[in-house]
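Right after this note come the structures.
After this come two complexes, each holding chain A, first together with chain B and then together with chain C.
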Partner chain A sequence: MKILLICGAGMSTSLLVEKMKKEGEKRGIKDLYINAEAADNLEKVIDDYDVILLGPQIRYKEKYVAELTKEKNKVYRVIPPHVYGMIDGAKTLDLALEALKNK
Partner chain B sequence: MKRINKVYNYVQEACERQFKERGEVIGVSAMEVAQALKIQRSNASSDLNTLVREGKLTKIEGKPVLYKVKELSITSNVNPLRTKDAFSEIIGANLSLKNAVQQAKAAIIYPPHGLHTLLLGETGTGKSMFAEVMYNFAKEIGRIKKNAPFVTFNCADYASNPQLLMAHLFGVKKGAYTGANSDKVGLVEKADGGILFLDEVHRLPPEGQEMLFYLIDKGLYRRLGESDVEHKANVLIICATTEDIESALLKTFIRRIPMVIKLPSLAERTYEERFELIKNFFKAEAAIIKTDVMITSNALKALLLYDCPNNVGQLKSDIKLAIAKAYLGYMMKRDENVCVHTEDLPEYVRKGLLKYKEKREEIDKFITGEIIRFSVDDMIPIVQRNTQIFNFYEALEEKRKILEQKGLSEEDIKLIMSIDIDTYLKKYLLNLDKSNLEELYKVVDKKVVSLVQDFLNYASKKLQKEFSDKTLYGLSMHVASSIERILEGKDIVNHQLEHIKKVYPKEFEIAKVLKEEIQREFNIVVPEDEVGFITMFLCLEEGTEEKDERVGIIVAMHGEAAATSIAEVANRLLGENYVIGYNMPLDQKPEIALNNLVNIVKKVNKGKGVLLLVDMGSLVFFGDMIYERTGIPVKTVEMVSTPMVLEAARKALLNSSLDEVYDAVVNLSPYVGRIYRESVKFENPLKKNVIITACITGEGTAVKLKSILEKELNLKEKDIDIIPMEIESKKEFKRKLLNIKEEKNVLAVVSAINPEDESILYISTSDVFDKNKLSVLKNAIEAVSNVGLIDNMREVIRENVRIDAEKYISSFKQFYSTLIAKGVKLNEDITIGLILHIACVIERIIEGKELTHVKNTQQYIRDYPKEFETIRKTVKILEEGCDISISDEECVNIMKIIYSI
Partner chain C sequence: MDTFINFLDRYFMPVAGRLAEQRHLKSIRDGIVATMPLLLIGSFFLIIAFPPVPALEALIKPYVNDLLKIVNATFGIIAMVASFTIAYSLAGTYKLDSLAAGILSLSAFMVAIPLSQDGNILLKWTGSQGLFVAILIAVFTVEMQRKFVEKNLIIRMPEGVPPSVARSFAALVPGFVILSVVWVINFILVKSVNLSIPEVINKVIALPLMHLGSTLPAIILAILVAQLLWSVGIHGQAIVEGIMAPIWISFAEQNAAAKAAGEIVLPHIATLQFFQIFVQIGGTGTTLALALLLLFTTRSKQLKAVGRAAIGPGLFNINEPITFGMPIVMNPIMIVPFMIAPILVALITYFAMALNIVGRPYALIPWTTPVLISGFLTTGDWKAIVLQIINFAVAGAVYYSFLKLWDNKKYEEEQQAMLEKE
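The block that comes next holds the complex of A and B.
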């Protein structure tokens, strides 16, 4: 399972990536690949991932992301601000898993 | 004659005799009949019972059993005039008016034509009514013919035009003056053979007096313009005046008028009479509205005891008004019946209760229950429920109870109570009237008064401040009730104690002196909370009272004529052109209406402020805007109705203060009342972040503002509460704010008054209706509310990013508020992203790691020059705060996040 987090510069999401990886290990999920990218790079890398998660600060790009993911047959979610703000790895991972399940 | 007929005749005669002698029929027993007719008692009894069965007699059960004829046959046989006359209808004819009635009868009966009479009495003692009764009596005894005239003239009517007055009174000969085109009959001539009643005779000009005396002495008069002819008139003159009998004019009158009758003032009459009068007026009203009217015991006490300088006339109109209010309460479902409560009575009537302690023995016999009912038929006292006299502590406890029922936390109750105490105390003190100072000794123990007096003298020296009689009065009453409370073992709680100690340390120290004195004198322990209350009395500034200025009343409504027609009705009913109506056509722009109203308010204001009664919509908010522009205090009442306007104008004409007028009207209106209640109904305890809406025009407006803001700003989601508040002055406002700030984080104040507190965002009331300005408010509130959010992120940063979180958060806050101040919009999403992003940037810079690169940095700088400049400049705060340097490229990154590029 490959998860991509995007935000403005891919930096703040990288904090979350670390947390999610730890949470994945804790739960014993195998084949977990998580990465953070700047939103500008999304088109370039989207093919490598199954789920796209957006930081709330780039919610304004949601429409663009929605179209792109549909075209590429991927799923996406916007991370709720309180989850994002708390850098809550567990909840973000749950969000990604839920998105995949409902694909 | 058969025995049974003899028995019937005897009973009939006995009953008639009883009626003549006692005015009522008691009946006779079988024993009396037996003795009088010399027959067996058993026979008499049997005949009597037969007559009862035949329906000729009525049986009255008891011991002994009595028999009487059916009343119909009696009254038809007896002339009621033999026992009753016109005067017996007058209340008190056998009590305080007994003398006057005897004099009046003598004046009428005196041969051959009766005596001219002068009636003396204060306004409202019933002089006109009395004169009319004299006329009826004269007809009854045949002194004048049944169709004899009764002509009334008020000498004040033409007092400014003596010639017209003379013409009216004595008639005019054709050509007497320009415009006298024909002979005109005067009132004297019209009254020939009857009675001429001259009211306010002291207003009769000298010429008139001379002619009147001539008429009195000789029975002759001349028309205006006549010199050779004299007319004869057989007129009985009754004059009336309110003047002192010692005045010069009246001395000449008394020489010529043989009979002087003085009618007693209401105060000189007995409580029995006063009660009868009250009963009578209530029954009369009950008959008019066709339903029973009740009164609470306290309201009845007040009516029996209050100072009523304008006598019976005033008593009557005060009762009429009270019943009108009670009727309104009944219509609006406050009560199930028409019941007069103390709050339906004007303040000066309520003050009558102060005398209750002293007079209770004299009036308690009239108080036959908690609620007394006056029906058209008779009076049935019913005990229903308890009502209470206003008491400072009880008012506070009541409020507390309400708040507790709303489920507020102890802390919030304390906060609200501490704000309220001030207001209550002020109202309590302002309601006192200096003229009642003498009453003080009657309600409060002299020991307490002298204790307080000495204390205030001492405090006055220490504080270099004068205390008015009102403070003496208020504090004395307060101390008296405190002592009572302490003796009864009840609590004294002052929610403002800590605040008082801090803000008024000097006064607090001085207040302790009175505490010591009370403890010593009454041998009780006075708690510190009470010292707090005493301190508050020392710190209360009295509102400057302007004398003889009235509150202006303006009605403003939508539509072409609604406002002016309500104003006209009120003016007509009050007989004074006082209320001003302003019609706002539906297509008129609010700004134009506002401008017009500002001008009207300026004109109407006489220094006491203006009450604005409006129907709905934008008009509701004009009050505060007008205040903002003119500085004239304006209070607004919405959902205007005619009774409200009437009450407002009535109050204003009595020189009441703006607050009094406002309160009186608000009490009438169920709508405003509803809003007021909602204002204290917080579903949950108050949140930490609050916005305050404060209006000088009344809490109703503040609550309205609250609901608008809540909707516009989505406050429920943001964990921000709004506290609506009624304020009176800037000073008071600041004090209240200080209070709230101790407990809550005040984000912003929406008000016409700028509290000038730099830590609080101030928004003028009128800005709320300006879409652009409202969005500034929106951003500002969003921003301020995010400050809390930023604080919450401190821990997250500390745990996840290797930087000095403390330093970072504090410089980020500065960075953030500077952006807001520059008009940058930052919502919660962006703020969170930004905090995390910049934290990462700083961490990487410090650790020498690589940052995210932006393609075409220069392109972005060129495309968004203004935005870039703003960010570049503001980022300096972060650079300095965290001791780093941030590149242009990274600034573009931050800019992209902030502006969602």
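The block that comes next holds the complex of A and C.
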């Protein structure tokens, strides 16, 4: 399973990525690949991922991401602000899993 | 306050978001961002060529011109590079041949800029003075290219011809017209008013725009808009910098060029570094002091936890744990100091630099560089460290009483929750 987090420069989401990786190890999920990118690079890398998670600060790009993910047959979710603020790896991982299940 | 936040969320955010996503603005930003590695490397050698320590200065002096070679090959060709990268990005959004667009735009740029008496290329135009010219030439080139492709006015090769050969033929007709048009316009302008395209662009568009962008009201407005956007949880800098970056980076380049020329007082204050290094200490809203206050002065467990999460990233000017965790976003109490602190800090910085108490920034460094180091590196002036400490303290003072209000509220909520559990 490949998860991509995007935000303005891919900086603050990279904090969350580390937490999610730890959570994934804790739960014993195999084949978990998580990465952070700047939103502007999405088009270049989207093919490598299954789920796209948007940082709440760039939700003004949601329409663009929605169209792109639909075109590429991927799923996306916007990370809730409080989850993002507390750098909550567990809840973010849940979000990604839920998105994949409802694909 | 709630209706105000709703208003921002419903009307202000979509407009700002659309503006930031606008095709041309986005391509200009992407194209300029692509030149950043060059500027960072150039800055490194600029700092070495003019070391901020007097003892080193004498040691380096004999090698200054050699070191400036790299500065000239980075800062000195930034407009030329941007004419390629901007056209490349913009053509990509139209799904045109981006490589051809970049090459044609670069060539058109070279047609437009004036040469020296004996036919040499002038670093002035390929560097700090040429950025707006590069932007306009790039946009013109790609729009022309698009018209030609739409109207099918290109040479198409029969199938079986290798794609790379077919591509070079496809670029022929638009390229011929684009270069000719730029040349003819330039020729007419030089013959009639004795000015080339870049000189006209700078007189008519760039200088007024840059003059406007350098004023104190423009600085305050830029910060206000970014903070308002962050107040509803939208990445304000990404949007504001997306629009203002060409101006702020131009200023930074012109300061670097002035520094390389050995000038003592640099021309501009409203540089990219002004905002990134002196205003956004700890992240947007000058929140590094707030992170410390959260950690050491709060009674609420939740806020203390936010402080713990925020302090590490805060040292590198990343503050989403605060904006979303505390939160500041959509929080009427905290939005007030979140607006006031950066504006106050910007005013202090502006006057310190306008009165030449503190040196103006010339070296570009990554915005994630920690405070104190960043101020010194970007200006080469030890007083910049003092300025950053003052800014840090002022922001802390602004946040303090509002934090107390919010902390009391959170603490009471937590006590209430505990009572209910028992």
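To be clear about the criterion, the second predicted complex is superposed on the first by the 103 of 103 C-alpha atoms of A that agree within 3 Å, B and C clash if a C-alpha of one lies under 4 Å from a C-alpha of the other, contacts with A are read in each partner's own complex, and residues count from 1 in each chain.
Throughout what follows, a residue touches a chain if its C-beta (ideal position, glycine included) is under 8 Å from a C-beta of that chain, and two chains touch if they have at least 3 such contacts.
It should be emphasised that the depicted structure is a prediction, and the values quoted were computed from it without experimental measurement.
In the superposed pair of complexes, A:Pro81 makes contact with chain B and with chain C alike.
Shared-chain residue A:Met1: touches no atom of chain B or chain C. Shared-chain residue A:Asp40: touches chain B and chain C both. In the superposed model, A:Met11 makes contact with both chain B and chain C.
Residue contacts after overlaying the shared chain place A:Tyr60 against chain B and chain C alike.
Residue overlap on chain A between its contacts with chain B in one complex and with chain C in the other: 7-8, 11-12, 15, 40, 55-60, 81, 84-87. By the touch criterion given at the top, residues 7-8, 11-12, 15, 40, 55-61, 64, 81-82, 84-87 of chain A touch chain C in their complex.
For chain A in complex with chain B, the touching residues are 7-12, 14-15, 19, 38, 40, 55-60, 81, 84-87. Interface residues of chain C facing chain A in the complex, by the touch rule stated above, are 13-14, 16-17, 20-21, 26, 30, 230, 233-235, 237-239, 305-306, 309, 313, 318, 320-327, 329-330, 368. Residues 789, 792-793, 796, 799-801, 828-830, 832-837, 839-841, 844, 851-852, 854-855, 893, 896-897, 900 of chain B touch chain A in their complex.
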